[in-house]
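Both of the next two complexes hold chain A, though its partner changes from chain B to chain C.
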Partner chain A sequence: MTAWKETVGGRRALTILRSRPFLTVAIVAGVWIAASFASRGFGAYGHLRYLVELAAVIGLVAAGQTFVVIAGGIDLSVAAIVTVSAVSLPLLSWQADPTGLTAVLAVLALTTTIGLVNGLGVALLRVHPMIMTLAMATFLQGLLIIIAGGSAVTAENPLVRWLGNARPAGIPAGVLLWLAVSVIVLTAMHATSFGARLFAMGANPLAAALSGVPVASTTLAVYGISGFTSGLAGVLVLGMNGQGYVGIGDPYLLASIAAVVLGGTSILGGLGTYAGTIPGAILLVTITALITVVNASPGWRSILFGSLILGLLLLSGREQARR
Partner chain B sequence: MVATAPLLAARGVSKSFFGNPVLRDVSIALQPGRVHALLGENGAGKSTLINLLSGALRPDGGAIEVGGRPVSRMTPAYAQQAGIAVVQQELSLTASLSIAENIGLGAYPRRFGLLDYPELAVRARAACDLVGLHEPLSIPVGHLSLGRRQMVEIAKALYRRPRVLILDEPTSSLSATETKVLTKLLERLRGEGIAILYISHRLNEVMALCQHVTVLKDGTCTADRTLEGTDASGLVRLMVGRDPGDLFPHWQPSASAASAISVRNFSAGLMRDVDLDIRTGEVLGIGGLVGQGQEDLLLGLYGAIPARTASATVNGASGLPAGVPKANALGLAYVPADRKREGLHLIHSIITNLMLPAFARLPALKLRSRRAERETARGLAVQLAIKGDLGRPAQALSGGNQQKVALAKWMPHDPLVLLLNDPTRGVDVETKREIYMMLRNFAAAGKAVVLLSSDTPELVHLCDRVAVVREGHVVAMLECGALSEEAIVSVAMGAEQRRVAS
Partner chain C sequence: MSTVGSSRQTGALYWPVQLRRNVGVRGLFAVVMAFVVAYGVLFPGLLTGSGFAKFTQSWFPLALVAMAQAILMLTGGISLAIGAMVSLGAVIAATIMTGPLGVAGGAAAVALTGLGIGAATGLIVVKLRLPAIVVTLAGSFIIGGAALLILPRPGGAIPEWLSDLLAGNTPAAFVLLVLIVLLWKLYLATPLGLSLYAAGENPVGAYRSGVPVDGARIAAYAISGLLCTGAGLFVAAQTGSGDPVIGTAFTLNSIAAAVLGGIGFLGGQGTMRGALAGSLLLSLMISVMFFLGFTPVAQYVAQGLIIIGAVAIPQFRKVQQ
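On to the complex of A and B.
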């Protein structure tokens, strides 16, 4: 009897050890340890904290992206939505709002609406997610150029500033925000029927629909969530940066998808977890930091970054064949 | 009869798929200058036999002979060399290529190593003229109607100047005039000494065109004779006469007068103007040849495809359900035919598959209880005898067990009406028996079962009534007393019409 329990426990431990999220965590730990030996100061608490703070932005964008990808879609408008959030928030600050909360909520409502429009196109008009979100991104970029032009706008919003700079108990507020979002995301994904529907839709949309899953409304919700988390990331990046400008969100498109895939979520949908995306985001930031240390020209940095992502995916992230 | 060597023959061939015998010791000989009919019900093994003759499959036992000599390794390439051309039931044309390119595909004339388009045009034109295809050769096949595409497919076969021509249900998508052109063409080819194998469900065509017939039933040959002196009903008897054995449970009729679903002038997909009452406590069969619209009937009732109706009552609510979630709420459940594509999430665990309708129904943000899910799934597995670890992905299960999962997932919701789309297709005998038991018990408990089936014995031995569908209409509602395989098949094929007409 005890032996049986031990084998079950042993098997469970083995499953965790072999799981993709754990593998990604192990890679991050390995890179951190190796890098702190190679480069003095890399392993300092302050530096690692800074890395996680940077990763928080990617992690927030990738939260929505993970939902979308698991449900069988993809959101290519996240970068544009981050920019919309970071550029429109400074324009919304007014005197009657001393905390800045109203402006933040208004911006989040705006980005969520953008996401819902994506969802409408995908679910009701049956536009392919890639086309729908790419068109949305192009539309938003055009709109931003008209509204904001080429100039950077400075954020006066107190809440945004606090979010970007405060460190309650020594931990950056942005990281705390990411932590809170992670808890909510993981709960929604793995402990609610909503989450179970996402996985079913991603694995086999037809079978999900015939089993009574409300596919249209779930799709709508998923893109809405992606708009919301991208908006949140925009608020955070504005706070950390102090200024918003057109193009501020651009790095987060590839980063969000790479974090999702590095974390072991299937790009084909139906399999995965945000628990892998979290270390995936940290891994991406770490790689960027290492490349900066190498002291190469921006062109080479970009080439190196792209090659490293490809290499990592080949190492760990290859899709298993599906029957 | 002249005793020449047959151009193409199968001698005692057998073939199994995954241990299920599909053909057992079947022989057929195609003589030059003869149109040979191949008849049999859905799943009797006709397509498999064609695939063996054309080299697409290799027999497990027996031999294929070409010109009287056995061929050890029959391949599609060898078959083409030997002048064997097959017109498949599922069209093998490429929609974006032109008519001429499709006709010549794989056998293009070449000049200096390049494709010789003028030569191709000349030869394709000749083939098209034979079948009465006068469209310009340069238009893409995708722009043609289904019937014209079928003619292109036949022209493609003729382009290769075959000595043996195999046609798998060539007229199923042809208009009356096109059929007439084809009939004349086949008569002429026969006169030129070509051997023709003709598969069709339209018995009057077969009677008019063919000289010899081979009948398959459950993978064995039940007749190999000339068509002289037989009639349509005799052929039907040859195709279906079989012993049902004790596969089916004994049951007492439990139908009540109350109707679970009642529709008037119902149209969905291929189905037109259907009046149907489904009573509680009955198993209502839906029969007919494959693809006459039966599936659209189920999907329309289930709210999965758009449907129109003059009036409808579904479990006391008026009007058809506006979507699958609504249908589920009204007590309808649907088990699809293609379990891999429509019924299951193969990469997910069996537990998740069993719980999916529950996830779809529960409030979206309600927290899951993994323990309760495991308990429910284990209960269902015991109830339906689904064996093995429930944490495995569903793709690890055998076909029969997968089907049980697709059925079992609805049981916790206690559906009032079960809509089943060919639930025993590709399922082993033991599981079939279990499923039959379940369906009868379900009906006895006062629920309604709608059983769409391509397996005629199932309809005869399991159903209280059978609605036979032909070309989108319910052409007959056979009551239990009048149920026989002959009756269903002859209504499905329109053979009774012919008898009245002649």
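On to the complex of A and C.
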């Protein structure tokens, strides 16, 4: 009976079956199948495509968050950075450039700089990541109101509109963008020395520093990446929404952290993969969609959402026993 | 501990030890004093009875949530559900106190809810070994949802005499705070309280030395919950009604206050007086900026900068040494 477990292929299959990314994918598939039986139209291609499109925004924010968390930090400023991107881009759209690419690049440069400032605070000033990014979020929140006032700004940038609405070959452009980012992120994480340093730093920063890992510059890079992907998510959400306003990024703070943790990445750092975060993001969107279907009051919806995340954590987020 | 030495020896050691624990927060105390002076200059009414009462009342809820966060951080935990707990305490107080159960019943309900939810959170974090930051993040949704169920929109009421007692021209808030600090000192003398620092500093070592690590951590969560709903009750008394989202800002402010006060994220580092001073600094900052005529927006910007500065400068000096 158990003979297949002894073979090399069998062992490899078992490792995959037991891995957390696979577990998360299995949960997503299970939820989708169950939901499509329970609610007509849930399993329709159009609906599932829509879910993945929504998940793309979370997935992008969570890409940077995964880097930061694996390196042993946490970025609580992602929501504010998404908002900065979505609000400042419409203000930057120059008429001189018909494609709107320069404006997008300028915004991405801005958000990356914000991320780098986070990194500077964490790496050089030795401020705890939670405080540094929290203070950054507070700072940006004030700045945004000064820049944008309370009103929503409409995006006229052609590139942004294309990103939010186009469907080359039936696949939303946002999902394609997510796919491209995922490939780059997974390669950087698991096939480069930068990725290896990341895991070393997250597991034991002191040992990593003593072994010659440039901790300061790696920390800087990690927060810079988080600023960049959050900015990208802001561009995408602006394209999908058509308008940017203060607070547009707020849902993505919890979502990014939850996606990372549901995907099996340890919040303590040093362990995890973006391959788990991807199904984690889709799972989150699915849960939200299911709760909307239930048609409960806001209070119950909130309770359901929290309880489901807590329940899923039991499946995928447990820490090692201490003793 | 009685086995360490005779009571006279420990008595002689008490003050030097306490002084040494102040070393890390001396700078903070100086900054707080400077802010108190600035506040006194800007608002000369501080020295009158009602001015002092108002001042302590604006500080009190922040002091409670800072203590709630500090207890958890001392054991190596953290809570992102502080704001939701404050909201829940406020709506429970505002719905029950004017009902048939009266003020006593309402206060008991607030206290039991805080202890119960706190203990449940602690059990989940400690016994199921889930990361505290994520559990409390999910918990903040559940608790916030419960607050919305109890009171979907701002409403309810607090008996007028209670509002006058707690948030009128009496120093009740200050007296309560002194009482709570004394209770904290008492708690630190109990076995569970003694285990608090050990459980945070070195959980494995503490466990192997027979310290009830799990019990100390769960108790810390329960006390933290009680402090949060207590702060909610006070906020409800201040505003005279309940609001299901009134506590939101307290989550971030509690962490900021605790960290300003020198509490470390890794557990076992820091003192409660530091956390209290941190919360006082934050509260003073907000008041002083208000009197200087900062717009709320500029307050956000300044608050972000000051928090980073206050945390970074001591660290920076340590690195340079």
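The criterion applied here is as follows: the second predicted complex is superposed on the first by the 314 of 323 C-alpha atoms of A that agree within 3 Å, B and C clash if a C-alpha of one lies under 4 Å from a C-alpha of the other, contacts with A are read in each partner's own complex, and residues count from 1 in each chain.
Here is the rule we go by: a contact is a pair of C-beta atoms (placed from the backbone, for glycine too) under 8 Å apart; a residue touches a chain by one contact, two chains touch by 3 or more.
For clarity, every value in this text was computed on a predicted model and none was experimentally measured.
Annotation for the three-chain superposition on chain A: chain B and chain C clash. Comparing chain B with chain C, more residues of chain A are touched by C. Residue contacts after overlaying the shared chain place A:Leu254 against chain C, while chain B stays out of touching range.
In the superposition on chain A, A:Phe37 contacts neither chain B nor chain C. Contacts of A:Gly306 after superposition: chain C is touched, whereas chain B is not reached.
In the superposition on chain A, A:Ala208 makes contact with chain B only, while chain C stays out of contact range. In the superposition on chain A, contact is made by A:Ser193 with chain B only, not with chain C.
In the superposition on chain A, contact is made by A:Ile145 with chain C only, not with chain B.
Look at A:Leu271: by the touch rule set out above, it reaches chain B but stays clear of chain C.
According to the touch criterion, the shared surface of chain A, contacted by chain B in one complex and chain C in the other, consists of residues 322-323. Contact residues of chain C toward chain A in the complex are 124, 128-131, 133-135, 137-149, 152, 203-204, 207-208, 252, 255-256, 259, 265, 297-301, 303-305, 307-308, 311-312, 315-316, 318-319.
On the chain A side of its complex with chain C, the touching residues are 74, 121, 125-128, 130-132, 134-143, 145-146, 254, 257-258, 261, 266-268, 297-307, 309-310, 313-314, 317-323. Taken in their complex, chain B has these residues touching chain A: 302, 304, 323-325, 327-328, 334, 336, 341-348, 352, 355-368, 395, 409. Partner chain B is touched in their complex by these residues of chain A: 187-188, 191-197, 199-200, 203-204, 206-214, 218, 221, 270-271, 322-323.
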